[in-house]
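Quick one: structure below, then a few questions.
The chains carry the letters A, B, C, D, E and F, assigned in the order they are written, with residues numbered from 1 in each.
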Amino acid sequence: MRFVDEYRDAGTARALAAQIAARCRPGRRYTFMEVCGGHTHTIYKHGLEDHLPAEVNLVHGPGCPVCVIPMGRVDDAIHIARRPDVIMTSFGDMMRVPGGQGSFLDAKAAGADIRMVYSPLDALKIARANPDRKVVFMAIGFETTAPSTAMTVLRAEAEGLSNFSVFCNHVMIIPAIKAILDSPDLRLDGFIGPGHVSAVIGCQPYEFIARDYGKPLVVAGFEPLDILDSVHRLLTQLAEGRCEVENQYARVVPWQGNRIALSAMGRVMRLRPHFEWRGLGFIAHSALAMSDEYARFDAERVFDLPGVRVADPRSCQCGEVLKGVLKPWECKVFGTACTPETPIGTCMVSSEGACAAYYNFGRFSREEMRTTAAQGPQAEEASRA
Amino acid sequence: MCLGIPGELVERLPEHEDLAVVDVSGVRRRINVGLLADEALGPGDWVLVHVGFALSKISELEAQAVLDYLNGLGQPYEDELDALRTSDIA
Amino acid sequence: MNREQQVLARIERIRRRKPVVREERITLAHGAGGKATHTLIEAVFLEAFRNPLLAPLDDGALLRVGGERLAFTTDSFVVSPLFFPGGDIGDLAVNGTVNDLAMCGARPAHLSAGFVLEEGFPVADLRRITDSMAAAAAAADVTIVTGDTKVVQRGKADGCFITTAGVGLVEQPVTLSASHARPGDAVIVSGPIGEHGAAIMLARDDFGIEAPIVSDTAPLHAIVAELLAAMPQHVRTLRDATRGGVATVVNEVANASEVAVVLREDDIPVRPEVTGVCELLGLDPLYVACEGRFVTVVDGEHAGRALEVLRSHPLGAEAAIIGTVAAAPAGLVLLRTAFGGTRVVDVLVGDPLPRIC
Amino acid sequence: MNREQQVLARIERIRRRKPVVREERITLAHGAGGKATHTLIEAVFLEAFRNPLLAPLDDGALLRVGGERLAFTTDSFVVSPLFFPGGDIGDLAVNGTVNDLAMCGARPAHLSAGFVLEEGFPVADLRRITDSMAAAAAAADVTIVTGDTKVVQRGKADGCFITTAGVGLVEQPVTLSASHARPGDAVIVSGPIGEHGAAIMLARDDFGIEAPIVSDTAPLHAIVAELLAAMPQHVRTLRDATRGGVATVVNEVANASEVAVVLREDDIPVRPEVTGVCELLGLDPLYVACEGRFVTVVDGEHAGRALEVLRSHPLGAEAAIIGTVAAAPAGLVLLRTAFGGTRVVDVLVGDPLPRIC
Amino acid sequence: MRFVDEYRDAGTARALAAQIAARCRPGRRYTFMEVCGGHTHTIYKHGLEDHLPAEVNLVHGPGCPVCVIPMGRVDDAIHIARRPDVIMTSFGDMMRVPGGQGSFLDAKAAGADIRMVYSPLDALKIARANPDRKVVFMAIGFETTAPSTAMTVLRAEAEGLSNFSVFCNHVMIIPAIKAILDSPDLRLDGFIGPGHVSAVIGCQPYEFIARDYGKPLVVAGFEPLDILDSVHRLLTQLAEGRCEVENQYARVVPWQGNRIALSAMGRVMRLRPHFEWRGLGFIAHSALAMSDEYARFDAERVFDLPGVRVADPRSCQCGEVLKGVLKPWECKVFGTACTPETPIGTCMVSSEGACAAYYNFGRFSREEMRTTAAQGPQAEEASRA
Amino acid sequence: MCLGIPGELVERLPEHEDLAVVDVSGVRRRINVGLLADEALGPGDWVLVHVGFALSKISELEAQAVLDYLNGLGQPYEDELDALRTSDIA
């Protein structure tokens, strides 16, 4: 078992698709939000919608960490990165996120020392190797990633490293979901819950969604069958009149989450009173900062920052996309002014951003794609025979 | 970003209690297993790897349960297809 | 057409517009072989140098000399690290140009080599590189007949850069171009993809990943010669899948020929270790470079025979038909996923990979 | 022979031995075009790549294609600064390869261009460079037909390096080589020397020196074509006096032809500003690079006519006969000084100059 | 008047040569030492010996600044240059001088930041531009150059530059000449005195040579006619039985020297009790160090130095060449193991070194050169006509 | 190293009393004239330049004196040569 290919079988998918179709009440439209960008990516990358009946409509949620970073924070990070004594480190996903004055990539091309890392621990390694430079880790991500940052800071503390700090932009999924649930222009029938966030926070935090808002939620894995299965489970709940939090991804997600991860986060970080989300505005208690105990690892305190709030570009409709109100193609600049090469909004940057996933993988009439693809492989199969 | 990859733990490393090596399709990487300090982890166990940390120990039991269920769903459909193919007159 | 389709159709029209370089500065993406590279080439180089021989932007230019057809090509090599499992910058520099000539349907004959060395570069490393160039040249039956060496101050280069150019003779009655694919043609890849790019990534040791992956760098002239000899009239396109990977090459074909290409994920050969590396780093093997694999488009009716010929050569043992050409939607590459879905396969955007060639 | 003569004779024998690279690391001298460059080429490159076409180490290789004679050459350009009075790396890269083809007696036809760009390089500068390449190509009646672009991380290159390769057709019945000089031949330089090297030195502004010196970079194919057309049988050698200057070129001739060359200081054209720069920096103009001047060895009896032909072309208006070929001492270049004395003129040792091409 | 070409006229040279020949007593051999490497360079570069009769023999002296730097000092300088916080600067001539573990060029290729300057003021400019680095000027040269170093230090002091220092290797010509005069194996008939050193120290310091050692000395300019003229004047003195210090180079050299230069040196530098000269060994009071008042500009005090004396290579006979006892070609390794590309001794490095000048310009039988050169230009003149 | 070059002073620079510009065959460089602070130096004067400093003011009088003397030596020889050339029967 590799826990991967097993969940990508086309035959099982076709069977599941049939079950899903059977579960739909003809004529009724079911709208589910996949909260997590990882799910969005999977959906488009595997062409999962080809297995869904017209009745089922998936909309993309706010769970893409780089999509929600506001421009001002990018500018602050670049401000730090430009200092000659600083090495800025971050995940590859951050490199093209546009701030008010360009992206990390632009700053790097203009001379800033910005390095891509695979893990925050790699940033620590860079700090060890460059004792005369200040190494800053641009921390982004939901609760999935925050524990890694916390563990890294604890490690830096244990090693007595004094040239390492974190520019903390970790955000939390529950306040974002709540903001969406509270938004007046929304009609959702249920949620596909974020699998990896849940490995940390567990399933309990979602219970208010079913209880208070009457929306079912299925915590889902990231393979395409996981998602189809979750859609099927949501439809089943609706059909059976249930409204629960269900754990489709029990192989990875313990109901109670990861105690050690939560306590490391609790020690190293503290809740911010409010934090700006790109497109969504300020959300109370929605993000983490470094705790006072770890102030010396806090880039926001180590460096002077402009901290200027930068308004999103007028044409940008990421907020609507992140709330699932607009489909990517409905944004006025989608694919014209805003493309993966020249992103205006953040959703066009990360491979988990809804606009990028749609542009890269789905940008073409689904029907026409199906027709063409159906012609193609036949000829090919013939020649293979 | 929230990318998590299942990997098989092949070795705990002596230099630090939190260090281990995982194998993903024959590819190995050192990871930090500090977040699973309260699990019994040994070679052969599978973990979910995220940005260099093991975030969760994968339960083969739970995995199999879902697969069994899904394959159960699929079986009638596959049977039907097979029947179709064997009846092909070409 | 519904509104979504109208929007998408408008976008396709915009994508076909003359590319414009919007950046003020060169970024790594401009060298990654993907969209930014194409834009740079078309908006800057082709714009400035415009002439009928350059315009096709194939792997090399086809010249007429007396009664002969001569292919002429160049590549610069800046791979880091210089030495990696399966090869080094030296054999890469020879094979790269040998392969571009082979992709023109030419028998590679002579190479030039320009070296840019960084002050302080170990002479022993240079000898190791020239030795492997000599070995690669001998293996490809080409001679390095002219060269140049420059030295720049320490810190102004990265050890050693090599630019090779090559000339070769097109002896078969072939007319090859990325623009010659027709509906019904088959798309074939000569072997498992992405091993070179994956090997380089691991050799850089930036990500702490280890795997027994060896670069696929190899001279492709011989296997190509066999294919062309077997069916000179039925091979439409040859292109080595270097920077940007198979996805980018196939997109080039779809664009240049104004056809659609439908790939079938199940049929694309990828070794499990390459898959593993890609999963760990969130990459798609379709975009990972090869240096000893090529994509060929052949008449669909002769695809089986082409596969036979390729598979009978050691470098093509794992060749596979990975897709077919369709008439529409022109310029688009689609993938039938293993999961039974369909998606677009675009050219590479950005630079997910370190310097691989 | 007295004792001094015996010692000196022994030294000459030693100088003729197979060169050995003693350094463990590449130094700037290895790229300066002088003795270290020659040693590196012979001991490393020629040693590894040895083949009959490379062996003459002329400006390019002569290939036979069908019934035609084709010249093939390459040069890498790393000049700093990229833009300088009289030119930039772009026209330098075109003219340099055009000239090497011209020196082979070929009509330059097609060029390739490989770019290595540093991350952060201004796109506007790249456009300026490609525009001047296009203009230089048009002026030289060549087309740039194939190319390649790589981008390296900031700090891993110096803005922009360009490697051009070129092919051209040898249409005149000439046999040119540095090894063809014979006693009685005349040595001619096509114009005042050292302006390119001096212009670059001043453009770097390392020494706070200012002078109205403009690079001599120019395409030499047309003036060479006139010379060859006028006396195809009587031109022995053509060589552009780039890195290492006229002194190095003439030494190459003396060595390859196993003859002595006697230069006459009074007759060597040097502009006063170049003399001034050389005096200030303690340099000898004989070693300062040109990029639009060449040295030719012609049959002594036709030297006057050769001079006439050269002087009738704008690029040769100040051409001069600067020396003669003698039988012995083989391999040695002597200079009759303006002061009435005689001295040896050796090839360049070390690297007195910044990156000039 | 450019003060250059006027002194290079071949016709005048031939006339002067005739006068010189006429001044020689047939059969007698006149040996004159040109003290200064600049003269050696001029002699070879212009082929001046072609104008001298067989009776006149020029031998080369110790006046080549880089030739006399001992290996240990090169090693010390490289030791400083290897520090990552240091930018070492020096004249181009120093770059290839071999120390015990390679030259500046080798150290640079191996990563040391060593930069060539045209003037010590350029080193100061580098110091200004790199406030976070320590810029060291490797000062070499006789009294010609020492005042420039002194003026540069005074300028650094005036500007309050704290990241500039001098590794002082300035040497003095008089102690070197005295050492040669005192050496038992020497037979000299007179000296061609160093023109540019004399512009600083004047002509008076040489008077003891005529007075105490009975050798005439003519301070000479650097154009070839200056040297021929000086040879003629020396022969004339000998013929007339005079023994004086004469100033052939009065257009540049004031009899009293340059007062400002001497006082700047006196302020910034102090006499070393002794100093090692390559090939000549230790000579008392022959070199300058930074004075105590300028200790903060003294690299020998700012940095820890190994200060190890390194013996010259066994095969090296530079000492004999510098004393004029051996002609370059008489050294056992000349032109074989020791060449400009692979110098063993220092005299093979600088273009003013006797061995380098001889190797580059004179390395060939003078008679054979004359014969060949005589053939050549005839053919050429014919074709020019 | 002891290389000294005659240059013509073309300008004193206002920014520092020790700065001036010299011209050598049409080539200009800033130099320091601090070592000649006790000379009256102005445009048209010639100085000897060494490593960026003017080391000495060149005396045209002295220069001419030596040249006159040398040319005097040369004259008879040149006259003889001229005679030889004009008598050439070619």
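Assume contacts are C-beta pairs under 8 Å (C-beta built on N, C-alpha and C of every residue); 3 or more make two chains touch, one makes a residue touch a chain.
Quantities reported herein were computed from a predicted structural model and do not represent experimental measurements.
Shared contact partners of chain B and chain D, listed by label, are A, C. The greatest centre-to-centre distance from chain B, using averaged C-alpha positions, is reached by F. Looking at which two chains touch through the most C-beta pairs, you get C-D. The greatest centre-to-centre gap from chain C, using C-alpha centroids, is found for F.
A separation of 34 Å divides the Cα centre of chain D from that of chain F.
Separating the centre of chain E from that of chain F, both taken as means of CA atoms, is a distance of 22 Å. Chain centres here are Cα averages; for chain A and chain D they lie 59 Å apart.
Separating the CA-averaged centres of chain C and chain F is a span of 64 Å. The set of chain D residues touching two or more other chains comprises 23, 25-29, 119-120, 207-208, 279, 282.
Shown for chain E are the residues that touch two or more other chains, namely 4, 9, 14, 108-110, 118, 122, 225. Multi-chain contact residues of chain B, defined as those touching 2 or more other chains: 3, 25, 52.
Chain pairs recorded as touching, per the definition above, are A-B, A-C, A-D, B-C, C-D, C-E, D-E, D-F, E-F.
Per the touch definition, chain E reaches chain F in the complex via residues 1-4, 6-7, 9, 11-12, 14-16, 18-19, 36-38, 63-66, 91, 93, 118-122, 140-142, 144-145, 147-148, 151, 194-197, 199-200, 222, 225-226, 229, 248, 250-254, 258-261, 264, 350, 352. Here chain E touches chain C in the complex through residues 108-111, going by the rule given at the top. Interface residues of chain E, counted against chain D in their complex, comprise 4, 8-10, 13-14, 44-51, 92, 95-96, 105-106, 108-110, 116, 118, 122, 224-225, 327, 329-330, 334-336, 340-342, 351, 359-366, 368-370, 372-373, 375-377, 379-380, 383-384.
Listed in rising order, the residues of chain D touching chain A in the complex are 119-120, 154. Chain D contributes residues 4-5, 7-8, 10-12, 14, 22-23, 25-29, 35-36, 39, 184, 186, 206-208, 260-262, 264, 267, 279, 281-282, 300, 303-304, 307, 321, 323-326, 328-329, 332, 334-344, 346, 349-350, 352 to its touches with chain E in the complex.
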